[in-house]
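Across the two complexes that follow, subunit A remains constant while its partner is subunit B and subsequently subunit C.
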Partner chain A sequence: MTNAWGDIKHTDLVVVMGGNAAEAHPCGFKWVTEAKANRGAKLIVVDPRFTRTASVADFYCPIRPGTDIAFLGGVINYLLSNDKIQHDYVKAFTNASYLVKPEFGWSEGLFTGYNEEKRDYDKSSWDYQLDEQGYAKVDDTLQDPRCVFQLMKQHFAVYTPEMVEKICGSPKDKFLKVAQMISECSTPTKTMTSMYALGWTQHSKGAQNIRGMAMIQLLLGNIGVRGGGMNALRGHSNIQGLTDLGLLSNMLPGYMNLPVEKEVDFNAYMSTRGFKPLRPGQTSFWQNYKKFFVSFQKSMWGDKATAENNWAFDWLPKLDVTYDILRTFELMNQGKITGYFCQGFNPLMTFPNRGKITSGLSKLKFLVTMDPLDTETSRFWENHGEFNDVNSADIQTEVFQLPTSCFAEDEGSIVNSGRWLQWHNAAVSPPGEAKSDVWIMAGLHLRIKELYLKEGGAFPDPIVNLRWPYAIPEEPAAEELARENNGQALADVTDPTDPTKVLVQKGKLLDSFAQMKDDGSTAGFCWIYAGSYTEAGNQMARRDTWDPGDTGLAPKWAWAWPANRRILYNRASSDKNGKPWDPSRKLVYWTGERWGGYDVPDYGPTVKPEQSVGPFIMNPEGVARLFTRGMMRDGPFPSHYEPFEAPVANAIAPKIKGNPAARIFKADLEALGSADKFPYVATSYRLTEHFHQWTKHVWVNAALQPEFFVEISEELAKEKGIVKGGWVRVWSNRGSIKAKAVVTKRIRPLMVDGKPTHVVGIPQHWGFMGRAKKGHNPNSLTPFVGDANIETPEYKAFLVNIEPTSGPATS
Partner chain B sequence: MIGQVSRRQFLRTAGAGVAGTTLGAMGFGGAEQAMAQAVRPYKLARTTETRNICTYCSVACGVIMYSLGDRSKNTHSALIHVEGDPDHPTNRGTLCPKGAALLDFVHSQTRLKHPMHRKPGSDKFERVSWDFALDRIARLMKDERDANFQTTNKDGVTVNRWTSVGFLAASATTNETGAMTYKVIRSMGLLPFDNQARV
Partner chain C sequence: MASYQSLDIKRRSASTSTPPVVRSTALEVAKLIDVSKCIGCKACQAACLEWNNLKEEIGVNTGVYDNPHDLTPNSWTLMRFTEWDNPDTGDFEWLIRKDGCMHCADPGCLKACPAPGAIVQYTNGIVDFVSENCIGCAYCVKGCPFNIPRISQVDRKAYKCTLCSDRVAVGQGPACAKACPTAAIMFGTKDDMKEQADRRITDLKSRGFSNAGLYDPQGVGGTHVMYVLHHLDKPEIYAGLPKDPQISPLVSAWKGGAKLFALGAIAFAAVGAFFHHTIVGPNKVSETDEENAADLAEEGAQAAPTPETRAL
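Coming up: the complex of A and B.
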């Protein structure tokens, strides 16, 4: 989230698309209710199903799963054709005026530079025209045919209301009503917020879905303001924290990148990270990259990371490719990954194409699970009739099931959707012999280290030299690790303008990332967490509900990254001259001497407005990007691509199947089904009574929603002879499941390109362990293909068939 | 609690005062005593309160956990009640159907209590000690790493990577657990590393 949960009460229009907040984030959704009740805000829901959120909406518009870009493209086209944009914001705070290279173009569904064999682009033409000094050329009148604004007009012209209806199945009049309601927020005093979740990310073009809405929000001037923003409602209690900390194949903490092997040494790695400003005088804050990187290396390897060994750069692994989960299971199936750990993760239930997951796990030498619960993954080798039909004797995987503590037994911080780090304490001890994950990880490290010290072996340096400054080496304390995340001075840190002035004494905790150095005198595991645990104490444990201006930001409750900032890009809440766009919703503004207001400015605190420094300080442009240059694999603008399994051809570019830049492995391509055999569109989702496959272990929730079902329309039920509550078989080209049928008015057939298209809704909460009835799960059916940029699997749009059947033998 | 008396504390104190005085003021002296004896003591009054955050979605609702026992060394605590934290700026005391049942999550029958081991081809788990499990896993990991660690690529560039073992981290664990996991996994050069963030 760019904004905070409590800030939603200041909005005028909530658009829930790609999510179902009332059901999946109920206590956060109360702020929508608050905005509706007290501000007269309106709520729009665009969803394939008439969801619980839709049931309290002012306006609902249906959409076919996997066609969000066509819808959002239609809105962009509407805003541009009807001149419903916030002109001053767009001109001053976005790259609308930037000139793009003449070679760049788009035709027949592809941008320039496509290589069909590699399913990838040469992105060199997707960039700005630069002048002699290396600055981007601009046309402030927005008239130049090569400026981003004009290119955007051209690119989205195809998404007419008729085209939206043809692709999405959203009736034209309903689409136009949504577009019109959104367009009202183009004035500086009306604000819209976007609340989305996995309904947007879990597509082969998920990242571009989100960009589509981000562009709308920029055109309306809704980024950086109260009641606005792009609000990703993250799905797990600390998924934000684990993202911040970079527990991903290709990441370092704080959104830095692990080197790739093309970056042959430290100099090569740093050479592409200069972040030279693309316009005169811009902040381009990532210019400090080296300070954050060196501080991270010092946090990992302490005294052993020195200027002489390039801060132990070679101790980090170098990527050849990214090892996302899809590639990992592909390699497992090829026998190239032989050991696997699942810490609080249940891939047998949650990864796509369960058949492939089972065969991968069955080829492992060893599997280790660490979990408070008895998961299906830890018992993938155990026969549970038709719910897990395997032959144990054939599976040679050695399995360790390690019991861990849960939240009630652990202390530490977790990060909410709004980037607040909240500290929690343990109430009780773990049951039986269960242990904390920290104890287990430390135990493994110390054992492996000992083996290397005793036996030697492959490159032991980064293991045996890992910094381990904990009072009890076998069980580092949460507070110790929190201080490490914050960072400390390893030598006196002095003022760059006055070396006699000591800013932070040796050994003291840092107050902010501004104190980090690239000379090895500071350590800090995750630079964006600097300030969370200072000499003044644990800021994440703060519980002061003080909320000046009733902003809903509660600046002394817990601590938000970065720098306790509650709304990102908040400088953009004021115009070029530093005057609030909306005086009734002031946030950060120029007081004559400095930037003041209710939030920590996302900006130099004394940088004068007339210096024309852009509000998007992380970008070398200083402004937000409507055109993303070569930063995304599948294009600088979002384009409509059908899901890999779609009931119709791409109406804009009939030859293009799926997202042309998304990777798909050969066997998975062959496992895709076609519309003649699988005529119905399926989508997966959560219910409010359940959380993934966890709560089926919880008696109350198992009682509330005891049994797996699928949802279909009355029309489809009639067509197929399916009765309410009767059993159905649903199958894709990859698997087959049985379920009870819920026949409902909540799902209606959509008219797509003149043909009725049926949607089958499949909730995802059942398995063969726990207290609910044993059941199937959508991931026996889902396709093994992911988003072009980050490989999030396409769980939300695929093809199935359905027929009435008899129940499972064990039921 | 920093700085101020919470709304809850205030209500609780005020409530006790009201119950103690109203009957007396109305002239029911004896009745008051009889009443006090008949009323079951407030169950949560003897519990230890601990602030926590709901473990499910990232609305991150504040919860208060009530446990028996004072958490001192050598005592056992038992969790008996969980409810929404009314001081919390996001949820203001409310919980959803999942959060409201957190107590049953902690006490789930399928909570794991002992390390278990399944031998290749076996159809059952067998209980093992932590030492057995961790020694054996460490051995397996080191042997795998030594056999498959890649120091340089085909162009002779130092790559120091290990790709034959994978690790999925958990998005319900704390930042502190996350950092510890990161340190241990990355220091081995392991690349197949992910969490729920992009699944």
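Coming up: the complex of A and C.
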């Protein structure tokens, strides 16, 4: 989230698209009801199904799964052609005026530089024209045909209301009503918030779905302001913390990157991380990268990381490719990965194409699961009749099932969608032999280290030199880890302008990342968490509801990264001169001497407005990017691509199948189904009664939603002779499942390119373990292909067939 | 189920007298269910099961979202989902209503109840069942114009929402209201709830629901559970909420003239029974009766745990 949950109450318009907030985030959804009740805010829902969120919406518009970019492109086209944008904001705070290289272009569904064999782009043309000093050229009149604004107009012109209807199946009048309601928020005193979740991410072009809406929000001037923003509703209670701490195969904590193979040494790694400003006088905050990186290395290896050994750069792994979940299971199937640690994960249920997951796990030598629950993955080898039809005798994988504590059984912090780190205490002790994940991992580390010390090995250095300063080495305490995340001074840290002034004494905790140094005198595991646990105490444990200005930001409740800032890019809440766009919703503004207001300024606190430093200081341009340069693999603008399994050809580029820059393995490409055999569009989702596969283990939740079902329209039911509550078989080119049929008016056939298109909805929560009725799961059917940028699988749009059947044989 | 140690009783079933009220300051309370803010998340159902230590059966899907499929002796509240095409606007609406006891000012259940003190109405308006006095005759089911009470096959007692009288007695709101994430369920004095409803109705009217209004049916003297409905003119579209609920005329008759008549009939029956006993001999419990009773007890042990196992 750019903003905070409590801030949503200040909005005028909530757009829920690519999510189902009432269903999946009912507690956070209260802020929408607040905005509706107290501000008269309106709620729009755009979704293939009439969801629980739609049940309380002011306006609902249906859409075919996997066509969001066409819809959002249509809105962008509407805003540009009806001149419904916030001009001053767009001119001053975005790259609309920047000139793009003359060789950049787009035709027949592809941007310049495409290499079909590699399924990848040479992105060198996707950049600005630079002047002699290396600054981007701009045209403040926005008239130059090569400026981003004009290129955008051109790129999105194809998404007319008629085209939106043709691709998305959204009736033209409904689309226009949504576009018109959104366009009202182009005035400085009306804001819109976007609430989205996995309905946007789980596509082969998920990141571009989100870009589409981010561009709309920039055109409307809604980023950095109260009641606005791009608000990702995180689906798992600490998934925000997971990404912050870099628990992705290619990341380091604080959104730094793990080096890749070609970055052979520290200098090569840093050479592409200069972040030189692209406009005169701009702040480019990532210029501090080295300080954060060196502090991270010092946190990892302490005294062993020195200037001489380049801060132990050689001890970091160098990536040849990214090891996302799809590649990992592909490698398992190829016999190239033979051991797997599965921590807090249930791949058999949650990764696509279950058949491939089962065969991958079956080829392992060993599998270790660490989970509070008895998961299906831990039992993948066990026969459960139709629900897990495996021959146990054929599976040689040795499974070690380690029970862990759950969140209520240990202390620590959980980061919410709004980036708030909230500390919690243990309520009870873990049952039986369950141990904390930290205890298990510390035990592993200490034993592996001992083996390395005893037996040597090819490369023991990163393991034996790891800093391990905990009071009880076998179980580091949550507070110790939290202090390590925050960072400390390893030598006296002095004021750069006055070396006699000591800012932080040796051994003391840092107050902020501004105190981090690149000379090895500070350590800090996750720079964005600096300030969360200081000498003043554990800031995450604060519980003061003080909320000046009734902003909903409660600055003394817990702690938000970065620097306890509650709304990102908040300098953009005021105009060029530092005056709030909306005086009734002031946030951060120029007081005459400094930036003041209700939030910690995301800006130099004393940088004068006349210095014209842009508000988006994490970008070397200082402005937000409507055109992303080479940052994304599949294009600098979002473009409509059909899902890899689609009922129709791409209406704007008929030759293009799927997202041309998304990676797909050979066998998975061959496993795709076609519309003649699988005529119905399926989508998977969550229900409010359950949380993933966890709560089916809980009696109350199991009673409230006991049995697996799929949802179809009355029209499809009639066509297929399916009765409400009867059994159906649903199959894709990868698998087959049985379910009860919920026949509903909430799903209706969509007219796509003049043809009725049926949607089959498949919820996610059942399996063969737990208290609820044993059931199947959509991932027996889903395709093994991910987003072009981050490999999130395409769970939300694929093709199936359906027929009535008899119930499963129950054991 | 009742917990009336600190609540004052206003009315008591099948009794001519009511215990004296020590305090006279009790305000009438009410639960306001704003159907237009409800997202159907069933947190209220979960909270009700947990607070009251109830265990609902893990059922099946019958093609709808409603689970369990009806109120039961263990599920005292239930979300009922209705799919409705609005003929006036052409729009589809998904109407979600939390069903449960309405706590009528003039409670049909209490009127119908023949067991002294099995149903009480407190001065704050809550209508509560007192299990130890219940004889399981199910007259309350007949007496209720909303079809709420359910008879347990385990202990032959009637059960329904208590409006968390135990929580209210110590100054807390009902568990369902506490759990509701969108404040669609609110609890307070009846006057405050009516004021709140007014604000909500104004908002709904501004959004085009011209028939929005408060459901507080006067046929039962008003209720202590009220609904804000978008379509007050058509309450029956909300899973059969009665338009003008009335206590069954049979119950009124039973409490009126029939009562005197019945008293005579009871006396007659007693005389008859005396002669039956002296002439035919005492009634015997047959073996089948014993078996049926044993079966029921066993089912009960499976379906509903004892208080000891619940605490685990």
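The working rule: the second predicted complex is superposed on the first by the 810 of 811 C-alpha atoms of A that agree within 3 Å, B and C clash if a C-alpha of one lies under 4 Å from a C-alpha of the other, contacts with A are read in each partner's own complex, and residues count from 1 in each chain.
Everything that follows uses one rule, which is that contacts are C-beta pairs under 8 Å (C-beta built on N, C-alpha and C of every residue); 3 or more make two chains touch, one makes a residue touch a chain.
Fair warning: this is a prediction, and the values are worked out from it, not measured in the lab.
In the superposition on chain A, A:27 makes contact with both subunit B and subunit C. Looking at the superposed arrangement, the partner reaching more residues of subunit A, out of subunit B and subunit C, is B. Of the two partner chains, subunit B is the only one touched by A:339; subunit C is not. Contacts of A:700 after superposition on the shared chain: both subunit B and subunit C are touched.
In the superposition on chain A, A:54 makes contact with subunit C only, while subunit B stays out of contact range. Of the two partner chains placed by the overlay, subunit B and subunit C both lie in contact with A:689.
By the document's definition of touching, of the two partners only subunit B reaches A:428; subunit C does not. Judged by the touch definition given at the top, the superposed model places A:203 against neither subunit B nor subunit C. Looking at the shared chain after the overlay, A:571 reaches neither subunit B nor subunit C. Of the two partner chains placed around the shared chain by superposition, subunit B and subunit C are both touched by A:771.
Once both structures are placed on chain A, subunit A residues 26-27, 30, 688-689, 699-701, 704, 771 are touched by subunit B and, in the other complex, by subunit C.
Residue ranges on subunit B touching subunit A, taken from their complex, read 1-4, 48, 50-62, 65-67, 71, 76-79, 82, 84, 87, 89-92, 94-102, 104-106, 108-123, 125, 130, 133-142, 144-146, 149, 151, 153, 157-184, 186-199. Subunit A makes touch with subunit C in their complex at residues 22-23, 26-27, 29-30, 33, 36-37, 40, 50, 52-56, 58, 60, 688-689, 699-709, 723-726, 740-746, 771-773.
Within the complex formed with subunit A, the subunit C residues making contact are 36-43, 45-46, 49-50, 55-65, 67-68, 83, 85, 91-96, 181-184, 199-200, 203, 206-207.
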